[in-house]
Amino acid sequence: MHEYDLDKPQDHCGIMGVFGHPQAAELTFLGLYALQHRGQESAGIVSSDGSALFDIRGMGLVADVFNDQAKFNLLSGNRAIGHVRYSTTGASVGNNVQPIVMNTKDGALSVAHNGNLTNALTLRRQLESEGAIFQTDSDTELLVHLIARSKEPTLTLRVAEALKSVQGAFSLLFLSKDEMVIARDPHGFRPLCIGGRGDTIVAASETCALDLINATYVRDVEPGEILTISARGMESFIYAPANHHMCVFELIYFSRPDSRIFGDSVDRARRKLGKILAEEAPVDADIVISVPDSSNTSAIGYSRASGIKFEIGLIRNHYIGRTFINPSPFMRSYHTRIKYNPVIGVLKDRRVVLVEDSIVRGTTLKKLVSALRNVGVKEIHIRVASPPVRFPCFYGMDFPTRKELIGAWNSPEEIRDYLGVDSLKYLSVEGMLAATAQEPSSFCKACFTGEYPVHLDEYVSKRLASESDEKWAQAELERILGSLG
Amino acid sequence: MHEYDLDKPQDHCGIMGVFGHPQAAELTFLGLYALQHRGQESAGIVSSDGSALFDIRGMGLVADVFNDQAKFNLLSGNRAIGHVRYSTTGASVGNNVQPIVMNTKDGALSVAHNGNLTNALTLRRQLESEGAIFQTDSDTELLVHLIARSKEPTLTLRVAEALKSVQGAFSLLFLSKDEMVIARDPHGFRPLCIGGRGDTIVAASETCALDLINATYVRDVEPGEILTISARGMESFIYAPANHHMCVFELIYFSRPDSRIFGDSVDRARRKLGKILAEEAPVDADIVISVPDSSNTSAIGYSRASGIKFEIGLIRNHYIGRTFINPSPFMRSYHTRIKYNPVIGVLKDRRVVLVEDSIVRGTTLKKLVSALRNVGVKEIHIRVASPPVRFPCFYGMDFPTRKELIGAWNSPEEIRDYLGVDSLKYLSVEGMLAATAQEPSSFCKACFTGEYPVHLDEYVSKRLASESDEKWAQAELERILGSLG
Amino acid sequence: MHEYDLDKPQDHCGIMGVFGHPQAAELTFLGLYALQHRGQESAGIVSSDGSALFDIRGMGLVADVFNDQAKFNLLSGNRAIGHVRYSTTGASVGNNVQPIVMNTKDGALSVAHNGNLTNALTLRRQLESEGAIFQTDSDTELLVHLIARSKEPTLTLRVAEALKSVQGAFSLLFLSKDEMVIARDPHGFRPLCIGGRGDTIVAASETCALDLINATYVRDVEPGEILTISARGMESFIYAPANHHMCVFELIYFSRPDSRIFGDSVDRARRKLGKILAEEAPVDADIVISVPDSSNTSAIGYSRASGIKFEIGLIRNHYIGRTFINPSPFMRSYHTRIKYNPVIGVLKDRRVVLVEDSIVRGTTLKKLVSALRNVGVKEIHIRVASPPVRFPCFYGMDFPTRKELIGAWNSPEEIRDYLGVDSLKYLSVEGMLAATAQEPSSFCKACFTGEYPVHLDEYVSKRLASESDEKWAQAELERILGSLG
Amino acid sequence: MHEYDLDKPQDHCGIMGVFGHPQAAELTFLGLYALQHRGQESAGIVSSDGSALFDIRGMGLVADVFNDQAKFNLLSGNRAIGHVRYSTTGASVGNNVQPIVMNTKDGALSVAHNGNLTNALTLRRQLESEGAIFQTDSDTELLVHLIARSKEPTLTLRVAEALKSVQGAFSLLFLSKDEMVIARDPHGFRPLCIGGRGDTIVAASETCALDLINATYVRDVEPGEILTISARGMESFIYAPANHHMCVFELIYFSRPDSRIFGDSVDRARRKLGKILAEEAPVDADIVISVPDSSNTSAIGYSRASGIKFEIGLIRNHYIGRTFINPSPFMRSYHTRIKYNPVIGVLKDRRVVLVEDSIVRGTTLKKLVSALRNVGVKEIHIRVASPPVRFPCFYGMDFPTRKELIGAWNSPEEIRDYLGVDSLKYLSVEGMLAATAQEPSSFCKACFTGEYPVHLDEYVSKRLASESDEKWAQAELERILGSLG
C-alpha cells in the first residue's frame, strides 16, 4: 500500500536550480514537481536574496512539503536550488533532507546532491581525526567539510579542490548568498543540464523540468565541469577531463520519457529498446501489453517492430497512499493487486507479450503474472527491455542487496520457471547499447556486467563482501573487487 | 495543483459492502481502493459484529483515512459497508462524510448512497413540519428519516416503503447490526452489482472492486430491487418495476475500464466509441494520442479503426498534491502544465488526432492545446468520444452550472475556434448509443439531449431556473421544465 | 500524567452567551476561557449574523480549539453561544461536542447545555417509537427534538413546552438565527447569570466570565425562567414555579473563587467553610496547608479561625500534559508526585493541618499523604471542608460509581486509617449549610445525604441498581429509590 | 494568550541526567517535568545503551514531546540526559532543540547545556577560519567542536581542554555511549547538583528533580569541577579553581520554591526576602497579596514580618494555551486579564500590599494594577522583593533589550507614577544579599549593579553597544564595557 516499487532500482535524487528570476523559489518548486519521479520521500528548497539563505524542507512529496503559497513568502530572493530525494539511510532521517545548509568561514552554503561518493568513508575518517564533526551520514555533508577547509579564494576554486579529492557519482548544485555553482563528476554518471528563460538561468536533472517552466534547453553540464553563476553571468571551469560513463539505467527506467538526457530523447531510446527487443526475441502472440507506466514506450516499440497490436491490459491505480502503517500479512498480500488491475476483456484467452523495462527482484512481477493467469490469459511471454541486473550500483542507484537480485543467481530459464511464464527473454547488452545515441563505451553498465568504472574505498568493498557471504561465490567477488582497483 | 479536473463531470460516490467474512472491513477497504476513482474527497467504513455498529470516516483518500492497520481493530465484525465520495455541499463538510450512522427506534442504521434524489427537498419540508430534525443537507439523511418513521415490521419492508416515496437516482447499501440491505432505484441510473467469495457476499458499484478481492461477479442488482442479506442468506424483493435509464456517462468516463457495468465491459464499450468516432469523423493525420488516462481506450479504438498509429504523446504527472492553499495567479497558470507533459519527440511536426472522452468546460483542453502547439505539433484534430454536453444532470453527476457548459452555448465550430485547433468533431448521440451493448432506450442521456426521465421537484426546478437567468433562453428552459412532467 | 483529578467530582459544562456585540464570538471565547475549570475536554462556539449560524467545535481546551484569530472570521455576527465540556460518554466522542446545531422546520437551532436530565431515556424511547432519529447519546439532542415537534408559534413557547416535559438539571442557552433563549430548570441546580456591557447582553455559568469581559452582573436567571433576547430586547417568561435546590458542591469545589453564584461570593463561602471547620474540628498543630489550588481559600479560613499560621506546603505543577498514551505502571505511579510537590523546608518536623475541600475516592490523597511523610512531616491532620460524599449525583456532576466513593462505605475512622494520618475530620452537613448565604433547604445536598429532590426515570434507577449489586445493601438502595418517588 | 511572561527574565534551560537505571529515559523525563519551569519551548532526551545513542526531541512542553509511553521504547539503555529550553534564537529553530548529538572521531557525543558563553563568537570565527562547519547558532555546538579537536586521550580531558578555552556560564551534561560527563563553570552561575538512588547517579539543575524521583541529594557540582560517570563509578576532576558568582535571580525567581540550590532552600530565601522587604519598606495596609505563583512565598514572608494578613487576591488561570496565532489588538488587550483574576470579595475597599518578586518591563504589572482598581481596591502599595533590574545579563538569563528595562531608565518614583499606584518600594541590594545563605561576594548581581564578573568578547560588547545607541548614555555604556575587562 505504499508507493515504493521494491522491484525497481531507486534513484537517489532530482535537483533543480534557478538564478535570476523574481519567482525563483516557485520555479524551482515547479521543476521539482516535474522531477518528482526521481525521489518521493523528501523535498526541499533553499533560496537566497543576496544577503541570506532561506530554506524549507520536509518529508513527503513536493506537493505535500510546499502545499501553501504562503511558504514561498519565506523563500525570498531571485535564486534558489531544490532537491527531491528517494530514500534515506541512517537513523535521523529528517536531518538528511536536502538541500543541506551549513555555515562556513565563507558564510552559509547550501548543497543539493544527486549521486553517491565511493571514497566517502575514507575521507570522513580523515577529517574526523582532525576534529571535524559530522551531523549526518550523508556524503553531501562531507563535500561541505572539504569546501570549508579549502583556502582557495573563490567558491568555484574551493569546490574544485573538494571535488578533486572525491570519487564516485555527483551532479551538484551549490548556493551561497552570492553565487550558484553547478558541477558534474568526470564520468557524468547522472544527468544534469542547463537551460534559459530570458535572463534566467536554470539547471535541472532532466529537461522535463525545463519544459514545464518554458525554459529552453541550452546544453548538458559537461562531465568534469563547474559552472559558476553570479552577477557576472555564467562562467565555465573544467576541473577534470571528461571520462564518460553515463548511467544507462537512466534511459531504461529512471528518466521521464519526455526528457532529453545524455544527448538523447528518452522516449526515442525506449522505443528503440523495444524494437531491438522485438528483433532479438520475437514471439508468436496476439497482443503486446506493458507494465504501466514505465514500460509503455518500449512496449509500443515492440508492438511496432513485431506487428503485434498494442493493448492496455493493465490499469495502474494511482491513488496509492503514502504509507500504510503496520500492514497485516492479509493486507500486504494485496499490494500488487491494488496497483495493477488486469483488463479481462483485453486479456482473456489471449497470447500476451508482457514488456517490462527491467527485473530486479522479480517478486512483484510474479504476482502480476498470477493476476494475469487469474483472468484467463492463454500464454504469457515476458520480454525485458534490458539485460539481467546482476551487480549492485555504487553510483547513485539504490538496488536491493545483491542476494536479492534475481538475475545475479539465476539463469533466464530459472527465472522463467520462477515466474511461471511461457517464455522470458532479456535484451542483450549489445542490443541495449545499440538503442542509445552515444558510443557504447560512454555508458556505465556495471549493474549488468560488473565492470565498475570507479574505484570503491575499503568501506564500500567491505560492505560488498559482507552482503555476499552467504551466496556469492568468493571467486566472483574477488574478480569484481579486483576490477575496481 | 489539485486532483480535481473541473473539466470533467464528477460522480458523487462509490459504495462497497461485504457480508460474512472475518476481515469484512479490510475487504471493504480494498474494494474502496478499487473504487477510488469514483470519489476522492472522503471515505468511510461502518462494520457490525451483530451487536453494534463501528465506524471510521474522514476527509481524504481511502489510503489516507485508513492509513494504519490498527484502525481495522476498531471495525469489528464480519460485515461492513463503505463509501468514497467526490465532493460535498453545505457548510459542515465533515458531517456529510458517509456512510452515515443514525439511531432509530429499531436500533442503529448505517447508509452508503450513490446518487441524487430529485424530490428530496419536498419530502424534507414535509418531515420538518412534523418535527423532524436534520443534521446535514444530504439526501441520505432523508432516507433514514423515512425508514425510521415506517411502521413496517422488517428493515426490508421499511426500506421499501421509504424508497417508494423518493424519486431520482440511488444505489444504496444499508447496514443494521443484523442485516445488510442493498437497493437500486427503478431506473438503474448508477451501477451496482453483487459478487461472491466462498460464503461471503459482496456488493460494489463496479466489478473492479470484486476483482481486486477475488470475488466472483454474480449479477447486477436489478433496478427496483431490494436484496436483504442476513443469517438467513440473501433474499430478493422487487419493490418497483424496472424502467431502465442507465447513465451512459458511466461507460464514457466514470467507470474503470477493467469494470463490467450495465452488462457490458467498459473497456469494450470505450474501444467501440473510438471506432465509431473514427468512422463518423475520419481525418488524415500521422498519429493518434489520448488525453491520459481516461481517453486511452477510445484512442486505441480510434487508432485501430482508422489505421493511424497510436502514440503516447502526453505523460500524466500522478504526483499531484491533494490541495495547494492560496495559489497565486502565477502558480495557478501552471496547473495544466504540471498535469500533462507533452513528449516532444512524438509530437513535433506531426499531424495529431487528440482523442478526448468528453468536453465539459473546455478550459483544461484549451491549455493542453497550447502546450501541444508549443512543442511544434503541426495539426491538431480533436475527436470527442461522446456528444456535446449541454444539460445539467440531476441524477448523481456533478457538472458545473449550465452557464459553464461550453457545449450548451456553442456550436462545434465555435468550440474549435475557441480551442484553436484545426478540426473538432463530436461523436453523435446515435453513434454513442451504438457502442453500448444494450437497447438505446435503456440509457439516460439527459445531459446530451435534455430529455430527463425523472420528475424534478420544485426546489430543483427553481435552482435550474436560477442558474439560468443570465444566459439561458427562457424558452428553452421552459421546454426542459415542461419535459420533466 | 493528565489533567483529570479522579478524586474530584467532575462538572459537565460551562456555558456562555453574548448578544449584540460586533465581536460576539471573541467575547464568548474569552468567557469560555474564564469558565475553563468547568470543562477541559471540548469547546465550541456557534454564532449568528441574523441570517445563518456558524460553528467551530473541537476536542481540547478553549485555547487549543480557538488557537488562531482567523477562526473568528468564520464566526460572523453579533451574537454567539459557547460551551466547554468536561467529559463525554458514548463512542462517537466528537459528535457530542457542544453547542450542537440542528435543522428544524423553524430553521437551524443551536444549544449549549449544562446539566443532566433524569427522564431522558423515557422520553427518547417515546420519540424513537414515533420515528425520530438520534445521532448522539446526549440529553441535549432530546431537547431539540422536543422543541422541533412543538407547534407553538414562537421559539420561547416551543422551548417552554419542551422544558415542561423534561426533568432534572439544566442551564441552557439556545441560539437561532434571530434569537438567544436562556433557561434554567425549576430547581436551579446549576448556576446561570446575566450581565450587561453597554447594549450587549451576556449570559454565563459564573460571574467570573462577566468580569473578564468587563460586563456588569445584572442578576441570576431564576429557576423556572426563560429569557428571550432578540431585536425587541430581553423578555422574561416564567414557565414553572421555582423550587430551589442549588448544588452546594458548586460552592465547595466547582466554581471559581472569584465568582459570585447563588447570590453568594464563592470566596466568602469557602473561607466560611474553613472557619466553621476550624470550630467543629480544632487540632493542636504548627501550620495549616492546603491541597492547591481548590482548597486554598478554606485553608486560609481555617488558619484565620484557628490562629495556626498558613503556609504553602505543596507546589502544584501546572505543566501537566493533556494526555499521556499507554502509561506503564512505572510511569503511572508518578502521577500524584508530579502534580503536588512538597516544600520540605516548610513541612519537615511540623505538625500539619492539611485542608482538603472534599474527598471522593481518596486515592490521590493517600499518595499525597505518603509524599508528606517522605519529607518528614511529624503529624498530619486532615480537615475536609465538606461532609462525606456518599451518594451519586444525577444532576450534572460526574462522580465515580458508588462503589468507588470511599465515604459511602467507610467511617471517618476507617478512612483515617486507610490514608494513614493522625486525625481526619469532616465538616458536618449543618456546618456546610451554615457557611452559605441562603436557606439550608434551598440547596441540593443529595450526594451527602441521599435525599434526591427530583424523580429519576426507570433507566437511571436501573443503572443505579446495577452499579450497586456487588456492595450496596439492597435495603439502602430501596430506601433511596423510594425517596425519589 | 501565550505562556510567556515577557515581564520576567527568561532562563534558558534545565538539564537532567540519569546513569545506571533500566528506566533511565523515563526518570529523565520525570526530572524534566519537575524542571519544566526552566524552559517551555522545547524538550529532548538522549539515551545510551553502551553501544549507540538514541534521541527524541521536539518543540513544546515535556509532556507534549513525550506524550506516549511508546516513545520510551526508542530510548534504550540505562543512561540518559535531557534538556528543557526556554527560547531559541536563529532561523532554524528546530535544529536548536537540545540535547544536540554530533559525530566526532571519538564517536557520537550528546550535550545538554544551561548557560551562555561570552567568548563564543570569537572562538567560532577562529574555528571557522580553520574549516569548521557550524549548523546552528548555538554555543553548545561550539563546545562539541572544541572537544572534537582535542587530542587528549579521554573524554574527560577533552572536555577539560575545551572548557578552559571558553568563558561565561555553563552547567553541562555530556553523554557518550560509555560515559556521562557533568561540568560547571568556575563561577557557578547556574545551579547543578547530583543525587543518588540506589546505584543510580542523577544530575539535575535543581533538587526538585531529585525529589520527584526519590533520589537523595548528594552535593552540588563544584564550580570548575568535571564529574565523569562510567562503569568505573564517579570520578571528580577540578579543571579550574572555583570563583563563585552564583546567579542571585535563581533564588528570587527562576528556581522552584521546593528546590535547594546554592546550599540554600529557595523557599527559605524567598520568605526572608519578603521579611527584609517588610522591614525596609513597611506600609499601613489591610492585606498582603501576591502576584501568583512566583511571589507567593515572599508575600507570606512580608505578611509574617509586617503582621498584615495574607490573602489570595488574584487567581491565576492555568489553562493558558501554547500559542494564539495572529491575535487582533482586541484580543491582545485581554491577555493579562485572562491570566490574573482579581477576587473582588477580598479586594474591594481594601488597602493592599501587592508583593512582586521583580519588575522587568512593568507592562503586565500596569495592567494588573488597572484590574485591581476596577474591582475597587482602595490603595495599592507595590513591594518588590528584589532591587531594580538595570542591566542585561550575559550569563544565561534572557532579558528584553536594555531599552525595555523600566528600572534602567526610571527612578522608583517614576515607575510608581507609570504604574499608577499609591507607593512602590524595591528591596535594597544589601537586603537581597542578606536574605541568602552565602557570602554576598559569592553571587553575581550584574543585572542590578552592572558589575559583570566575566569578560565579554567583542561581539557581545558590540551588541550591547548597538542595543544602546538610542537611549543609553554613552558614558554609562563605556563605564560598563570598561568594567568587563
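So that you can tell them apart, the chains are marked A, B, C and D in the order they are listed, and the count of residues begins at 1 in each.
The rule we apply is simple: contacts are C-beta pairs under 8 Å (C-beta built on N, C-alpha and C of every residue); 3 or more make two chains touch, one makes a residue touch a chain.
Keep in mind that this is a model prediction, so the values were computed, not measured.
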Fill in the blank from the handout: In contact with chain B as well as chain C, sorted by label, we have none
Problem - Mutual neighbours - chains that touch chain A and chain D alike - result: none
Problem - Copies chain B and chain A - interface residue numbers shared by over half, same or different - result: same
Exercise for the section: Please work out the Cα centroid separation of chain B and chain D, and write it as a whole number of Å. Expected result: 62
Problem - Whole-Å separation of chain centres (CA-atom averages), chain C against chain D - result: 38
Exercise for the section: Would you mind listing the residues of chain C that make contact with two or more other chains? Expected result: none
Practice task
Could you draw the chains as nodes, link the ones that touch, and say if you get a line, ring, star, complete or other?
Solution key: ring
Handout entry: Touching pairs among all chains present in the structure
Key = A-B, A-D, B-C, C-D
Fill in the blank from the handout: Contacts from chain C onto chain B in the complex sit at residues 54-55, 91-92, 101-105, 125, 128-135, 141, 144-145, 148-150
Completion exercise
In the complex, chain D touches chain C at residues 1, 23, 26, 30, 33-34, 36-37, 40, 61-64, 67-70, 72, 208, 211-214, 256-258, 260, 265, 267-268, 293, 296-297, 300, 304, 309-312, 315, 317-328, 330-331, 334, 337-338, 341-346, 374-375
